[in-house]
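So that we are looking at the same thing, I have put the structure below in structure tokens.
Letters A, B, C and D mark the chains in the order given here, with residues in each chain numbered from 1 onward.
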């Protein structure tokens, strides 16, 4: 299989703290790759580096064959790399539909003067954006909420909204940052199915940062385990589950 | 929708104001009663209202009562323009006194020439009356006259190197222009040209810089409170270089603000600052005494030479109406130009078709400050 | 449902048509030029308010430097037409173009700053400009002002009457409102609202936030500069006091008073702030106190501005009708 | 340029800068508890000056008595402003609060104009105006007063924030008002306290500066502007940054007037400020993450 993303020797420091140290990380094309690890292991930092929100101090990133090490976030988004956020970053004052329409922003565009003068081209594009946004909403199953203000949605629905917004961007690589945080068991199960369905329907790749082990073990093709910024294990779910180092890191047992 | 409601209110407002007195002479005024130039506008407004009451209690001008409509422009150009339009288009006044400051006068001058209503400005800039616009007059002494007086004094003291320190507002700019023209023309060397902001509170840096050029005298051009700060800073720095001030500070307020630092400063001023020192036979003596007495009695505050500008404007208008027996704007204008040797508080006016200021440097006397009081220099 | 988005746009267009008609009819209710002058100034101020509504209300980027752009355009056009004798139309275009370029240069580094720091940077820039207007006496005429600017002319036709100027201002204002509605109902408007709420998420969705901030900054500066050239050639006199930082603050007051995110609201805010002092004129010295008090009370009782207050009133009225 | 001139410029700049620094200090304290820039801060400075002038000149109170009275009066005004204009709208977006403070500043300025007139007033220096000469540069005795009182104020603040319960509670509010209210701190009371403290600082500044800068009803505008600039220069939220920012701004202006051009001294100061912001987007001593408006 092809690798859609390669992270080589990525290091990040915050002040004196080494958040990531020489991390190698690959994501397979069409696969669901999970990153797990205890709190403070550097999972979200890794996601931030991949999406360009945090600049790595060392190392480089290859995405779809191109070096994107210094590309700003919106450029990476334009290349089909779209993320969600651990603490929900929805646009709370906009409607659900508008939120998802933002997802189309990078992909469906006209020059600014077209928007300014509202040329037929701009009007047609707006219609297309609208339709595609509705499709994405339907896909995650909240199309009936299109007209509501985003902040009025229940928490679980807001998670789905964020997913729909990411989908509207038609990503090649979807970065999910703890999508199950705050969801109940039923919702988490539904989410797991949804992620797989998304992957299959759009033939995209997923990088999943998650705490919920049932979800991770259930849907991942490959897993990498981080602890204190270091990779301590990688492999299939079955391999990782048996790794004594992983068990030690999670249970806090001293290594021999 | 909101706009519609405003229009209704506007219309109602208009109806109310339309029922004004008939048969009276309407004199409008746009003055800076508030804002940075309120030290000009307030005494001007007080003076106009006082004169109106005086004239009306004596039966008006030519038997007609006088109505004075004063608008405050808050020292702001836009408000001044709106006030001028209101006076011209809505109140339909026969003549307008003001504005208090030069910028505002220049901004509204053209409305008066096109409406053919005379404007008598209380601001001093030369641009107002040169070149002459048939409908625009002014009453204050020109900066040119003040500078000429100062330079004559400097010449008599054999000074050769002069430094100037001017405020960066309309008044200071006008003064600086004339100073930079006349100082070299009269054979002096201009060794330093510094300025300060109208709201600055410390001019030590400028004075220190001027000190480095060792001039024979410093000329400071501004209105309160800046020059008072200059005077104080000069004493504080131990600077003994003589300091000239402009007529912009010719008020008791300056002496109060500058305190002991005012001692020995020299400036040109209208005779209003030292009425009791004006010789008995002088043509201005009577009008000055009358104005000072009335103003202090009416308002219980000391008179200022700025109020005098409005006094003279009103007196000139009255004179023109009496002379021509008509209060029509065009007649007022024509008769203003015929006034000659008319004594006002700021000087003796002689208007003509090519002189709409009417004063010369004799309107100024040189004064100094001694023991906290004005003293006329011989 | 399918056309829900167009419905909102159509409603705004309907409002714009009504507003335009009102502006065109207003002079017939005006007994004299004084009221026309007020309306012209209102219109000129509303141009700033519309631009700032996009910049401050929608994109959430504060600017206290727009009085500087206003003045820069006014002085540039005045200098070119009066001192250098260029045609008025050409000078006006040059004034706007120069201001747009300068706003681009200013916006580039400034818009990286956030919140109060951005406010300070734009404020500082505005103050530097107003010092230049005051001190470069040879070019600007200094504090006592720039005199003798030729009157407004369009395609070589001089607008000699106030009513002609008024119509020109009204048309330009409505064009700006139209452009603003177009922007707000497009992907640009969405991107601006998005980056206002969360710059992080907007970036992650592919919004080039620096570019869109700059776009709306320059657009609002362009509106201000157009207002500036119209002002200079309407009044034929300009002075630095009109372009000081207090005017920038006043512009923000207009937008906030109007309800921040509503274009019609900002226009009403601009009209309100411009007309109010004229009404308070009768109170003389107390005027300033009243102005301050009205401003405080408005903000206390209409926290979402005049537009918000109007909406609440309207919906209460509708409910009353239904019952 | 000789060294005595340079020294004179520095002294002038520091005296001028302390006026900005004192205003900036007041800005900082209200900003820390409310997240709002109080546009009426300059008005507090003006009130301190005008009240003391009124007490001394009109009511004939002696200066040592007038100073605490004027400070108290301004503090009361600060409390009133918070109670009447700020508290009723708590929870509104901060831009609304900022506009309200603009309204308050217009109102206070207008009232001061009505009560005390439009004239400029001056107070006699506390200990004469015979300058002290140091290496050819003159220092006014009043400058020592200003310097000493500024240092006392700063130290007092420092002690207040680190030693008293009230001070610590206020500090807690500035870090996280929600958490502070959860642990039982009356956030409203802290906001009230912050208005009173910054009014007090402003008033004291206004009083001790009046002998140098004079005072009038519209003194607050310029001081507010420069104070805000000083705040930003030092980094918002840091009281010592604000004081330092004020001094730097003052020295910049004075050196600009001395060595470059007195006409462009303010422009020079602002250009330096802009360049600094572009290099260091949250001021000299500010935290990295700037708050939003």
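Everything that follows uses one rule, which is that contacts are C-beta pairs under 8 Å (C-beta built on N, C-alpha and C of every residue); 3 or more make two chains touch, one makes a residue touch a chain.
This is a predicted model, so every value here is computed, not measured.
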| item | value |
| --- | --- |
| Chain pair with the higher count of C-beta pairs in contact (B-C, C-D) | C-D |
| Most central chain, judged by mean C-alpha position against the global CA mean | C |
| Chain located farthest away, centre of subunit B as origin (C-alpha) | A |
| Interchain centroid distance [CA atoms averaged], subunit C/subunit D, Å | 32 |
| Separation of subunit A from subunit D, taking each centre as the mean of its C-alpha atoms, in whole Å | 48 |
| Inter-centroid spacing, subunit C versus subunit B (mean Cα positions, whole Å) | 36 |
| Approximate Å spacing (C-alpha centroids) for the pair subunit A, subunit B | 73 |
| For subunit D, residues that touch 2 or more chains besides their own | 113, 221, 263, 266 |
| Contacts with two or more other chains, residues of subunit B listed in rising order | 34, 168, 195 |
| Residue numbers of subunit C (touch at least two other chains) | 135, 285, 287-288 |
| Pairwise chain contacts under the document criterion | A-C, B-C, B-D, C-D |
| List of subunit D residues in touch with subunit B within their complex | 1-2, 5, 8-9, 11-13, 15-16, 19, 113, 118-122, 124, 129, 131, 133, 138, 140, 212-214, 216, 218-219, 221-222, 253-255, 257-258, 262-263, 265-266 |
| Of subunit C, residues touching subunit B in the complex | 19, 22, 26, 29-35, 37-38, 41, 134-135, 137, 142-145, 147, 235-239, 241-242, 268, 271-272, 275, 277-279, 281, 284-285, 287-288, 306, 310 |
| Touch list for subunit C against partner subunit D, complex | 56, 60, 62, 109-110, 112-121, 123-125, 127-128, 131-132, 135, 245-246, 249, 252-253, 256-257, 260, 285-289, 291-296, 299-300, 303 |
| Subunit C-touching residues of subunit B, taken from the complex the two chains share | 1-4, 6-7, 9-11, 13-14, 33-34, 71-72, 74-79, 81-83, 85-86, 88-90, 102-103, 106-107, 110, 125, 127, 168-170, 172-174, 177, 195 |
| Residues on subunit C engaged by subunit A in the complex (per definition of touch) | 1-2, 4-5, 179, 182-183, 185-188, 190-191, 193-194, 197-198, 200-209, 215 |
